[in-house]
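You will see subunit A twice below: alongside subunit B first, and alongside subunit C after that.
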Partner chain A sequence: MSALSNWSWDYDGWIVLAGILCAVAASLPGNFLLLRRMSLLGDAISHAILPGLAVAFLITGSRSSLPMFLGAVIVGLLTAVFTEWIRNFGEVDEGASMGVVFTTLFALGLVMIVQAADHVDLDPGCVLYGSLETTTFDMVNVAGTEIPRVVLVLAAVTVINLVVVVLFFKELKLSAFDPALATTCGISARLMHYLLMIIVAVTAVASFESVGNILVVAMFVVPPATAFLLTERLRSMIIVSALIAAVSATLGHVSALVVPSWFGYRSTSTSGMMALCAGILFFAVSLFAPQHGVLIRILRRQRLSRRILSEDLIALLYRMDERKSGVVASIDQLRAALLSGGLMSSLLMKQHARKGHVIATANGYQLTDSGRRLGAELVRSHRLWEQYLVSEGGVAVDRIHGQAEQLEHFTGRELRDRLQQETSAPVLDPHGSPIPPE
Partner chain B sequence: MRTLAALHSFLAFAASSLTDRSIRWPTWPEWQRVLLLQDYNTRVVMLGTMLLGLAAGMVGSFTLLRRRALMGDALSHATLPGVGLAFLIAPSLGLAEKSLPVLLTGAALSGIAGVIAILYVRNLTRLKEDAALGIVLSVFFGAGIAILSIAQQSVGHSAGLESFIYGKPASMIESDRLLIGCSGVLTLLIMGVLFKELTLLCFDEGFAKSRGYPVLLLDLVLMGLVVIVTIIGLQAVGLVLMIALLVIPAAASRFWTQNLKQMILISAAIGGAGGFLGAAMSALFRNLPAGAMIVLVCSSLFFISMMFGTERGVVVRALRRRDLNRSVDHQHLLRGMFELQESRGPKAGIPFSELQTLRSWSSHRLLKEIERCRRKGLVFRNSDQKLCLTSSGLVEASRLVHEHRLWELYLITHADVAPGRVDQSADAIEHVLEPELIAQLEELLLQKRRVQGIAPSPHPVDATEHAS
Partner chain C sequence: MSGSIAQPPNNTLPLSVRDLTVAWYRKPVIWDVGLDVTPGQLVGVIGPNGAGKSTFLKAIMDLVPRASGRIEIFGQSYKRSRHRVGYVPQRESVDWDFPVSVLDVVTMGLYGKIGWCMPVRRHHREAALRALERVGIGEFANRQISQLSGGQQQRTFLARALVQDADLYLMDEPFAAVDAATEKAIVQILREMKQAGKTTIVIHHDLHTVPEYFDSVVLLNMRVVASGPTETVFTRDNLEKTYGGRLTLLDEATEAMRRRERTL
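On to the complex of A and B.
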């Protein structure tokens, strides 16, 4: 942690704040971009505004912010408009038309900047990378405190985005999910589309100028995508995405200072690390999200298959016990009947023994009374389902076993009682085996 | 030759007075040297970028049809961390840090990591394609910038790495061209061998899966091709503009053909032309960066294709729509006149105002249609300025009415449409009836019932009915 020893709130604090503001401002409209499947628009716009900057510079001849800002926002909007035109007139698919538009505009901007570079330094590198590290170089005095200009600009953008999202929440939501329905409800989906484009362009340009485009492009996509895996509701998705954006901005700056020192280097690009941290958070969430996490889904599936195997073992033992009371079955016998893995089967049988469902003897396992009750429940479900499938479902007798085998694991007391009622309380199942009483 | 040179010097004069002073119109010998590939450096660069355009155009066709045009965008950004890492690690392996093979290996490895990340997000989470591309693009690029900024402080002179972002075609040497050429041939071979499989993957993934093709593997191969092309393009045009070569030629060729093989060829040609001409312009004019010029040439070709493409171009489609509208108007006019004359007797002329109430057409549109029919000798104006069908007009009109009524009859007898509503339904389809279909309908419906060779109308025909 020695890298953090010269942390200063006057310097690093402002950088973190600027990063957080930029991240939150971008993640707000990013949620709607994600739902509209236009996640790459942020990237397209932030490349395409280059000619806007160049034209504003060539016309006014100065690098002052306002004309540059306006020029960039206008070109950013034009990107969205041109993309739509080419998609409609040329019947080209959305991604391709976006690709055509933003690469063309970028190339145009590059040519213009190289032309202008003769007169003044307008380095594409500085425009593209931007840098958070210079946040504190340009301070403005507001009510007696020195505040970086970047922080003021980004705070304004964050407030604008927040206001737009809160005010037009219903309209934006409806036109993102179902533009046709929105139009029939009297909401102009088109207007909402362009409103969204405007705030995307304003956010991209404001962040672009102050903190570079890597951060904003990442924050348009990654935090909303992370939040999308965590919640089902748009409102909570927006809030979660803003939180994630803020957290990854903070972590990003800290790790930009700390991580390189592990390898003996000085600090690295803060905005790059912020994007990387957002990516790492996304990856972690995609693995461990409670509902949609990849690992969690795998674990859940494995637990289910373990439960099914453990129930199958008891049911099998019950069936053997039915034929010859007090039978002792070895693990190998059980495995051969169920075609199950050796390790898992013996582990599960040991678990049954611990719970008192079976007694382990020298030759194998024997059912206890509680085990017999458990087995009876499963076999009862199985045979009732078989009866039901034949009598009510009209399924042929030779095909019912497999389905009943699946259904028995998801059948509780209540459902068994209903099945008994529906099949008018049979004594034998279609194969002629007795249905054990409850 | 002398007139050419004179014309050229005039153009040079015009250009010098028009453009900024920083662009100088090249002299005639300069033109010759560049276009005839006399200069060694220029030759290497121009042929290299042309090969690159060819390869990118071909691969781009498949990614475009797979609706994944921006995959090149994501993958080209994904190569950056690999370049930076290779640069940092190479010295400790005892290799030169800027040796191209090392950097390209790094780029390839991290490009493959990007491919795996895209497939992970798309196949295993509930996020869609665009989000997968966006995440991979921004996170890998962020990581790349972080690594490059470390690389810059460590070794001091990593300036060459910047060219991976903006591209420096001028720095291309003979071995680079060889590399591009070999990779191009490699991609061509892979695409040739897997042509059927890749086509199936692009057009109907579900069907390919059901036929037992390894869809995931094919997807990997396709993305692998994109990675190859991207990596060899990094040096030449830079990662941002590499995207353009993957997207634009393919999107442009879509306007010229519906056939995949032709599309790939056209796309390769557009990409090749873009590479060649862009590099040539950058060699001719000082201050025009080659990467950007290649993209601008390609996108000009795109706009030309979009307007004038013979298959789906804007102009062609507009012409087709105009032709269809005209033929519909033509049929409406003749049929309307025939039915009015039918109820009023053959010699009665029809006033213009009455024709106008037949349908919701503007008087301008109707007048133009009447004029066209008059020129074809189908209608004429009689002495009191009313319209009448000529004898050839009568033949044509009775054919149209016959077809319309056949379809009405078919709808009534075979599709159970109420007689009061068949007129409109038949209206929608009659303009596109094929002669074979007419023959079939005749056989089906009219064994004996014909009035003067024309099927009788199944509902009352009256001008006022149309107007209502």
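On to the complex of A and C.
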């Protein structure tokens, strides 16, 4: 952690704050972009504003002027407008028309900047990767305190975005979920679209010239996508996305200082590392999310297959018991019949013994009364399904076993009663085996 | 007739459509549609796939641009009578993974009334809950919508239409792929709405249930093939005209026009 020994709140503190503000500001509208499946529009706008910056810059010759800001915002909005035009008139899908618009505008801006680069001080590289590290070079005195200009601008943008999202929460939500209904309610989905585009463009422009493109583009998409995996309500999704954005920014700066030193390098690009941290957080969440995470889904699947095996064991023992009452079956017999793993089967049979479904004897397991009831339910479900598939579905008798074998594990008392009704209460299943009574 | 009619009777019609044409790249989707709907009716719109049924509903609400035609709702333009029209879009038209609760979706029906930037209040949520209970899924109010079955989704949409408390309802296939219990519940609600004097226009696919459900029908295939009371209009002859012959010559002519445009 020696890399952090040079940490200075006057320097690093401002950088982290600038990163947090940019990340939070971008993540707020990003939620709506994500839900409207137009996340890449944030990317497109962020790139397309380059010619706006360049034109305003060439005209005014200054980097921090209001005209430059407005010029870029207007071009950003034009991106959204052009994208829609091309989609409508060119008969191509949204992704393609977006691609056409923003690469063209971006290239135009690049050409203009390079042309102007001889006599002006605007570095295309700096615009792309950002220069968070120079945050404290440009300080403004506010009420006696020296504050970086970047922080002021980004704070203003964050407040604007927050106000828009809070004030128009209902309208943004409805027009994202059901634009047709929004429009018929008098909340023009088109109007909300452009309101969203305005704050996206303002955020992109403000971030572009201070923290660079990569950070804002990442924060439009990644924190909302992460929050989407974790939440079930829009309000909490927005809050969580802002938190994730802030955490990514903080972690990003710290790791930009620390991680390279592990490998003997000097610190790396801060805004790049912030974006990378957001990506890593997303990856972690997609693995570990409590509802939609990859791990929990694997666990659920395994638990289900354990339950099914456990039920299959009891049902098998019941069938053997049917042929020869009071039969004692060894674990090897059971395992061979079910083609299941030895360890898992023994574990599950021990579990059944603990629950009193079976009695463990020296030669194997024997059903108890409660185990017999359990087995009867499963076998009843199985045979009722077989009967149902044949009599109601017209499925061939030799094809029903596999189907019924799956369905029996998801069939409760109520469904069995209905099966019994629909199949007019048969005594034997299609194979001629008796259907146990309830 | 007596001369004491203050307004011409036409003005009180929930819906009056004249010469409506909607085109998509010059190709007419619906063509020269005219229709009058009298109050308190349950109207079924029937026609084959691609006949322009959804487009017809959307054109009524200005959701798609129309090439020509005049539409009056309760004697006024749609814009002025918007608050009297409730819309139930096709279930597939929205993303059911959207992070909102069932109650949220129903409350959306009130957003127009609540007004810009005003918060949703408790009595709005209570009204939404009552509507959910009326369609029989009150217990799902706090679920996320992704957990609903198809029938429950459709009931949610119906509840949302109910809280809108409109006078004219336009429903796009509310019976599509729902279970039998839901279908029964929806029919029940539609009848109650009719009793309350509401007018409802429903796009419908299942020809068997048409005579049972609807007072009058509109047979649509680009143009209105026939419309009127179900018992006189819903005939084999008219159905054959609706489902058999499209205006194939018109199709060919517009296709030729498009080809011409492309080659020039």
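Convention: the second predicted complex is superposed on the first by the 342 of 438 C-alpha atoms of A that agree within 3 Å, B and C clash if a C-alpha of one lies under 4 Å from a C-alpha of the other, contacts with A are read in each partner's own complex, and residues count from 1 in each chain.
In the analysis below, contacts are C-beta pairs under 8 Å (C-beta built on N, C-alpha and C of every residue); 3 or more make two chains touch, one makes a residue touch a chain.
Not measured: the values here are computed from a predicted model.
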{"item": "Joint occupancy of subunit A by subunit B and subunit C, clash or fit", "value": "clash"}
{"item": "Greater subunit A contact set [subunit C / subunit B]", "value": "B"}
{"item": "Partner chain in contact with A:198 - subunit B first, subunit C second, else both or neither", "value": "neither"}
{"item": "Which superposed partner A:228 touches (first subunit B, second subunit C, both, neither)", "value": "both"}
{"item": "Touching partner for A:181 - first (subunit B), second (subunit C), both, neither", "value": "second"}
{"item": "Partner chain in contact with A:276 - subunit B first, subunit C second, else both or neither", "value": "first"}
{"item": "Touched partner set for A:104, first subunit B, second subunit C, both or neither", "value": "first"}
{"item": "Set of subunit A residues, in rising order, touched by both subunit B and subunit C", "value": "37, 91, 228"}
{"item": "Subunit B contact footprint on subunit A (complex, rising order)", "value": "34, 37-40, 42-43, 47, 86, 89-93, 95-100, 103-104, 106-108, 110-111, 114-115, 118, 124-125, 128-129, 214-215, 217-218, 220-222, 225, 228-229, 256, 260, 263, 265-266, 268-269, 271-276, 278-279, 282, 286, 292, 294"}
{"item": "Complex contacts: residues of subunit B adjacent to subunit A", "value": "20, 22-23, 64, 67-70, 72-73, 120-121, 124-131, 133-135, 137-150, 153-154, 162, 165-166, 240-241, 243-244, 246-248, 250-251, 254-255, 287-289, 291-293, 295-296, 299, 302, 306, 312, 314"}
{"item": "Subunit C partner contacts - residues on subunit A that touch it in the complex", "value": "35, 37, 91, 167-168, 170-171, 173-174, 176-178, 180-187, 228, 231-234, 236-237"}
{"item": "Touch list for subunit C against partner subunit A, complex", "value": "25, 58, 61-63, 82-83, 85, 87, 89, 93-95, 98-101, 104-105, 108-109, 111-112, 114, 116-120, 144, 160"}
